Amino acid sequence: MRFVRDYLIPRLVQYVLVIFFGITAVFLIPRFTGQDPVLEIIAQIQTQGGSLDPIAVRKLTETLQELYGLRGTLWEQYVNMWRRVFHLDFGPSLFQFPTPVSELLRIYLPWTIGLFATSTLLAWLLGNVLGGIAGYFSSQSWSKILDAVIMVIRPVPHYIFGVLLLILFAYVWALFPAGGLMLGRRTVVDLRFVMIILRYSFLPALTLVVLGGAGWFQQMKLLVQNVRREDFVQYAQAGGVKERVIISRYVMRNAMLPQITQLALVLGQVFSGVLMVEMVFSYPGMGLLLYRAVTRGDYNLVMGIAILSIFTITTAVLLLDLLYPLLDPRIRHR
Amino acid sequence: MNMKWFWAIVIGCLFISGVAFAQLPAGIPREETLIADQLSGRVGTPGNFNLWAGWRWQDRGIQQLLLEPLWTVDYATGEIIPGLASGMPEYNEDFTQMTIRLRQGVYWSDGVPLTADDVVYTIDLHVRNAELPYHGPMAEFVEKVEKIDDYTVSVHLKRANSRFHSHFLDRWGCLRIMPKHVFEKVDNPITYEFNPPVGCGPYVLYDYDPAGFWTLWERREDWDRTPTGMLYGKPQPKYVIIQGFESEEARILAQLRHELDMAQHTPEGLKVVLEKSDTVRAWRREWPWVVNIDPCITGIMFNNLVEPYNNREVRWALTLAIDIVEYMAIAFDSMAPVSPIHLPPVPAYKEAFFTPLEEWLKGFTLDLGNGETFQPYDPEVPFKIAESAKKRGYPVPEDPAMIRDLFGMGWWKYAPEVAEKLLKKNGFSRGEDGKWRLPDGSPWKIDIVADVNVASHPLRNATAAAEQWRKFGIEVTVSPTEARETMILKGEFAVCDQWPAAEPWGAGVDLSRTFDPWHSRLLTPIGKSVALGPGGAARWCDPRLDQIIGEMEVTDPFTAVERTKQLGIEALKILIQEMPTIPTYGYCGAVAWDEYYWTNWPGAENPYTQPYQHWPNLKYMLPFLKSQKK
Amino acid sequence: MEALRELFRDYRFAVGFVFLVLLAALAFLSFFSPYDPVRWLQVPRDEPPSWKHILGTNAKGQDVFWEATFAIRNSLVVALIAGLVSRVVAVLVGFLAGYKGGVVDRVLMGVADGLLVIPLFLILVLVAMLLREAMTIVNTGLLLAFFGWAWDARTIRAQILSLREREFTQTSLLSGNSTLSLVSKEYVPFTIPLIFSTLISNIAWAIGMEIVLAILGLVRLEIPTLGTMLQWAITRQAMLLGHWWWIATPLALTVILLVALYWLSVSVSEYLDPRMRIQRIGAR
Amino acid sequence: MDAIITVENLQAFYVLEVMGERKVIKAVNGVDFAVLRDEVYGIAGESGCGKTTLLKAIFAALEPPLRIFEGKVYYYPNGERVDAFSLAGEARRKLRWTYISYIPQGSMSVFNPVKRLRITFLDFLKSHVGGKREEELLTLAREHLVRLGLTPQVLNGYPHQLSGGMRQRVAIALATLLKPRVILADEPTTALDVVAQRAVLQLLRDVQKEFRSTIIVVTHDMGIHAQITDRMAIMYAGRIVEEGLTKDIFARPLHPYTRYLIQSLPKVGDKNTKESAPGSPPSLLYLPPGCSFHPRCSEVMEHCVQEIPPLKKINESHWVACWMREG
Amino acid sequence: MTVILETKGVSKVFSLGSWLSRVHLVAVDRVSLQIRQAEIFTLAGESGCGKTTTARMILGFELPTTGEIFYRGKRIDEFRDRKAWFQEVQAVFQNPFETFNPLRKVESYFFETVFNYHLRKDVKAAQALIEEKLQAVGLSFQDVAGKYPAEFSGGQLQRASIARALLTNPSLLVADEPVSMVDASLRMSIVNLFRTLRDSFGVSVVYITHDLATAYYVSDRIAIMFRGNIVEMGGVEEVLGAPKHPYTKLLLESIPEPDPERRQEKAMVFLEEREEYLRRGCKFAGRCPEKEEICSREAPQEVMVGGVFVRCHKHAR
């Protein structure tokens, strides 16, 4: 059981520490942004036309602080936060009061998984497969053209690419909706439902897949060009092994390894692109939810999303670390 | 890749794009539906309609379609429309009692009749329950509320208040009457979701997006048992969808695709839809298109407790350093009416305040010291703006009356040399580099705390002011920040882009809403949140104004109209002399309507009601729309 | 110079380099701009490209060409600060963790992993909001630098780990080299291609991130950068109004810049690749 | 004569562009020989004498910068003569592993590192054997290993789990999987310890006996040649300087270089001082004039510096290229 | 003869494999040996026998799991610093192309060594010293100057590597398989060098190899290692002349004799390294032709037979 002592325990300790510090950071940072969610709400009531007098403001402030769990010192709030985290209760959203954060996560998570997890994976797969093939046949002209196209597409910001798609596919050729998925609570899940969702998700997914895939493509192409020079590839070629087998089982399989590690970590970084896409296509997802939460000082919601995300990614990384020997049998833990 | 795969993907894409082209939920015919944009964006609490408990994205249709207040202001007509009430509120002699008479024959959407019990219950609940936002004013003023008969309610006040009714007067929110039969069964009115909602408005909830992008309302079968129906007849659209967009582009494209009938864009967005669509119209059919009758005034706010902005002459110098013609070009592409006073230039106020004040403005004199004086008012400003807009290539009307209508009555002269004198008189100096130094010799830096929404009027003002003052030789930065509201309320700013004064009611000549925040008893030290925004955030007061406010409290705005107006004029004069904030131009809405499915929108040529889709008054517009059955 | 001459034989390097030089020249031109980039209404608005305004003018009354010179300059500065500062951190951390191993390694990699695992964007937005008034060019660069080193530190560490196992490490120790000179003499030549390629991808990332922050309005919008130029063009509907020159200019500059960086990166990494270098040396 | 590979006047050079300068490395510079059916043919020489390049050329694995300037390599599948360089892609692919196969120099990295060896074996089998199920192919592989005295268990492991010697033997098994007529072995024992070397040699011998294959062994280690080859050639600076039956060469080395190679070998029980050939092999880029060996030759004559000695027949099976043997 | 280096019961344990299949190998098992002044001591065995690990522990690159190493009576971890230790002991590695960083010029290592150990003050004097050492290995500064490793032949570079090691005038040179990557034709030039070093400079050499022919040729004493244990140790004539341990016999038999008339026709059993490491009892038992019942049960103890240490049950009785 030296493995447990020398490897697993330190790794788990690190896992726990990363989560601990991550959550603490996420707890602290919004509290330094100078926003007071209670005042924001009062301001909103005021600017939207409600009239409040000083007594009302004081009363309301106290009431809201009580409700939001913002009373007491920072330390008390912090302790309280951990107590709630262990109960998976992040309290009510401050800005979307009184909806509980967990309820919001429940509503948005399926969308996020449905579109962004899927398209991130799809982008990864497509980018790697295409990049792999293009890297293997890098001297052929179609590979060069593809490379050039992707090179130009990749730097285009998500927002602009999304709007361009929107203009092309929702206006010039009105093939896809401009946004506004009209599925209410009355909808039954049937083929039409699925089709509507697919149709509605197509352009956002396309944006993410193309732009995300472009990055994977470029990385994979370079990796494959290196792996192609490895002895075992050349030996298989010398041995007359069929090219298809060489590409998939020798070149791609090996070049894929660093990409797998990257994928887990990239999951945490997709928010920015996702947010832009959600903005352009009015798509209900975590990116926008998070952005709004951050900008409005909705501490509870920020905590909820961040904890979910930190937990998911850290766990993904941990699992990957533990399972990596299965993917790469050479790995040795010292 | 395999060709088979390629074709499979192509066919798949076509399939996806071809299926279910109709956007709307099943069974909702487009031609009977009105689709309007939701100004406040996606609903954060889609399943919650309990407006009484706090902010619930009320413009998703709750205030426009579902609920009917006692009274509603219409700033386009300058009238107050009694909704659930049958007439204006009635006060006793000393303003300690207010009587509300209800409209008879009104039913809640679940078939229960509306009675005085509902009103009594609503006020009582607010007095008792401290968690409700309107608890404050109710608890402060209401001594007792009693039902006189089924349709009459009497509210006894703790002290005199001639404007107590304003808490029930809907502009963009007020204390609306609750359905007693629903709420009395509820444990906690704060967490109660009020879903399905019940209201006295002409529509009921049909469906909504659990993700909050849209809410679908259906016209009540018994629309004739609602005040709207009784007042204006049958609302035309059978269904109304209020839909939020996260991006301007999506909103524009939706309107171009006839998937959005009413929307408020940015001026640029408005230009796009007008340019690209044959069926979209704006408030005005010609340039400058935008709604210029909004009851908000935009501008720049100083923190009057902060050096050097606590100095009236510094504030005036900064005002005179603004070239309003350029300012307007930067801020709103010259499309909005300027206002030299702290009131928006809507027709009703023009008549009541601008015209009476004009002579006084012309004669208004600033003392520059050493016996020098300066008359800052410039009635030629609208013509100068017109000239500059013409140069830009816009089709500017020639008629002087029209020009004053579009660009305002006048503003302050661009007089940097006068500003210079005022500043030097106060110890300011220019450095070697031509930049201004504060009296203590340090460089004068202004940081304008600004809104983050680039399309918004506040940031537009901040940008334009920064540009003007930079030109004048001050180092200016614009800092858009999400913490803006907090900072402004707490007074943690020197200059910001907040409304320079609270909007007036929009109807009648009562300006109490504008002046109240400046009463000296509300003056809040820096670090503490002000109670009455936005004006109060400027942290300014004046004993003369205190006196006027005091007198207004005991003046009935409905009966003593002349006196009310006179008090307003006097107060405005004080504001001009002191210039605690700089008013620049009236808020403009870049509203666009698609005439593809619906026509007879309340345009400038026929302003039968206010034009916004997000104001409570939308329900009063719907009976007038005409279907273009396609 | 020999190296440069050889690199220029690769068309990707040549094109990338020429692009970069052109962009740098463009950035340099900003010092001679007839217009103050912050000021509005300097020129007639919304004019398409003409001889007078070769890239047209925008709705703010600015000459797009001259505005772009400032934008590219500022964006380059942001990206360079982000890239270089984070490189220093990444190299230090990577070398230290890789060479020292043990507790140092665990701690440093723990920190790096922590940074990687927290949704970067969330923190970036939070901090950007916190700093909003202070989101100057330099601070934006530093902020991005702070978040840009973790992954690359990991990569560099991995390479150091493998280099540490190679025999010349021992030769160097036997030659009496201290740890510092061992690392700098033996490992740096091997890690330079890696450092260089991560530098370039980091610069590209920083440029992209700056654009994202700008589109969200989280940087000082009056300072022209590629991001803020796009942001103004987007919010003023340059695309739909047909003012293509306004949005196409920063977009094209971004694409050209990133393509140039990509080509440089690919070409230089190939050139610096130890295998290739050894081959070249062997063929002398 | 029953040749299975013939090499005719082969000139294979590397053409490099270095710093804008064209450089030609004359790795194989006019080589002629024939390898017969059912023999083990050795090619000996120091690193950088062109022996690996010669193998590549025989295998017709020509990738830039390696180019054939002159000469031909012929295969004899099914008795007919085939020009190895003119074989097109698919035809060449089919001949590989069935007619001619290749044992790599270091087996360290020739197996796919992330797949079990079973998969690698199957990949090679599937690419050449049609119409068989995976199970059958796997049985083939197992039987093959057993026949070579290796445990079929290795198929379940990953390459990195094997020791160097084992890996090299598995590589040999892989190369002989389809019973090729010709097996090229490039330094099959280098970097192995003596015990593993012995195992590899044992295996090669078994393979040869079992399948009657022709093996061409390239190594710098004369001990290996002595142990396994029937005939051998000594290569120096891109040319063959001596060729003959192994026993003849060891008994009567004719070329001074060959003598150095043999005499420098230490033996247990012999503590007498031994000397290597002085100096280093020449750079193939800058060959000395005349006989390439003359700078290191203790018997150098004036003639050696001026003219390259031709390969001369001394007797039925012994050839040498040295002016000393002239006449 | 003075003992300059002594290891006392040195062991090294490695854990190998991923967590899915992890094993602990005693790579070096209680090795005790002595190296005397001016002798060539050979550590022989097949790959994976622990000889390289032993060498690395002697050099201080690896810390023993248990046991101690003394240099002239002083524990090597008591040396002031790494540099002070390396002044006494230097090393030559197997692959000369790996010994030097392929991206650096070879000469830089020479100058670094000179200046880092403060052997000479200025470049000129340094060059003279380098020239002297290069001459000693049959090279000249001219051959080395300005060249990268890839520009050398293996033999040349290995000699340069030795010359570099000699710069500090070490008392002990650890040579880890110094000729196995060098062409057979050039090996002797390097092996002969060790003799010269011993005879002319009084340097002790730890010569690590699997090739008993060169070991016999060059060394004074020899230790045969097998899977972490020294199985036989003594004078080279005694050990190789009359091998006592069956493993020594196997090694001797396996030398590819450069004589076509004497081919090794005898078949032999091979076992995998790990399997043997984990074996109980005598680790060689799996392929020992003289195996007895006790061998797979019990690990043999070291015994002295005619001045030779042997670890074999056969000789224990």
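The first chain written gets the first letter, and so on, giving A, B, C, D and E; residue counts start at 1 in each chain.
Here is the rule we go by: a contact is a pair of C-beta atoms (placed from the backbone, for glycine too) under 8 Å apart; a residue touches a chain by one contact, two chains touch by 3 or more.
Small disclaimer: the values here were computed from a predicted structure and weren't measured.
**Q** Going by the contact definition up top, give me the pair of chains with the most C-beta pairs touching.
**A** A-B
**Q** Of all chains present, which has the mean Cα position farthest from that of chain D?
**A** Using the mean of the C-alpha atoms as each chain's centre, the farthest one from chain D is B.
**Q** Let me check something: if the centre of a chain is the mean of its CA atoms, which chain is farthest from chain E?
**A** B
**Q** Indicate the whole-number Å distance between the mean C-alpha point of chain B and the mean C-alpha point of chain E.
**A** 89
**Q** Report, in whole Å, the distance between the mean C-alpha point of chain C and the mean C-alpha point of chain E.
**A** 49
**Q** Would you kindly tell me how far, in whole Å, the mean C-alpha position of chain E lies from that of chain A?
**A** Roughly 55 Å, centre to centre.
**Q** Per the centroid of Cα atoms for each chain, what is the distance between chain A and chain C, given in Å?
**A** For chain A versus chain C, the centre distance works out to 23 Å.
**Q** Considering chain E alone, which of its residues make contact with at least two other chains?
**A** none
**Q** Which positions in chain C are in touch with at least two other chains?
**A** Chain C, residues with two or more chain partners: 129, 239-240, 284.
**Q** Any chance you could list the residues of chain B touching two or more other chains?
**A** 249, 452, 481-483
**Q** Which of the residues in chain C end up touching chain A in this complex?
**A** 106, 110, 113-114, 116-127, 129-130, 151, 204, 207-209, 211-212, 215-216, 230, 234, 239-240, 247, 251, 254-255, 257-259, 262-263, 266, 269, 275
**Q** Considering only the defined contacts, which chain C positions touch chain E in the complex?
**A** So the residues of chain C touching chain E come out as 166-168, 170-178, 181, 185-186, 189-190, 274, 277-279, 281-282, 284.
**Q** For a test of understanding, state which residues of chain B touch chain A in their complex under the given definition.
**A** Spelled out, the residues of chain B in touch with chain A are 13, 15-20, 23-26, 42, 44-48, 53-55, 58, 130-131, 133-137, 139-140, 166-167, 171-174, 190-191, 207-214, 216, 243-247, 249-250, 253-254, 256-257, 259, 452, 481-483, 485-490, 492, 499, 503, 513, 522, 529, 531-534.
**Q** Can you tell me which positions in chain D touch chain E when the two form their complex?
**A** Listed in rising order, the residues are 46-48, 149, 162-166, 190-199, 201-202, 220-224, 226-228, 246-247, 250, 260-262, 264-271, 273-277, 280-281.
**Q** Across the complex, what residues on chain A touch chain B?
**A** Interface residues on chain A, with respect to chain B: 33-36, 39-57, 59-61, 63, 67, 93, 95-99, 107-108, 111, 163, 166-167, 169-171, 174-187, 192, 195-196, 198-199, 202, 278-284, 288, 292, 295-297.
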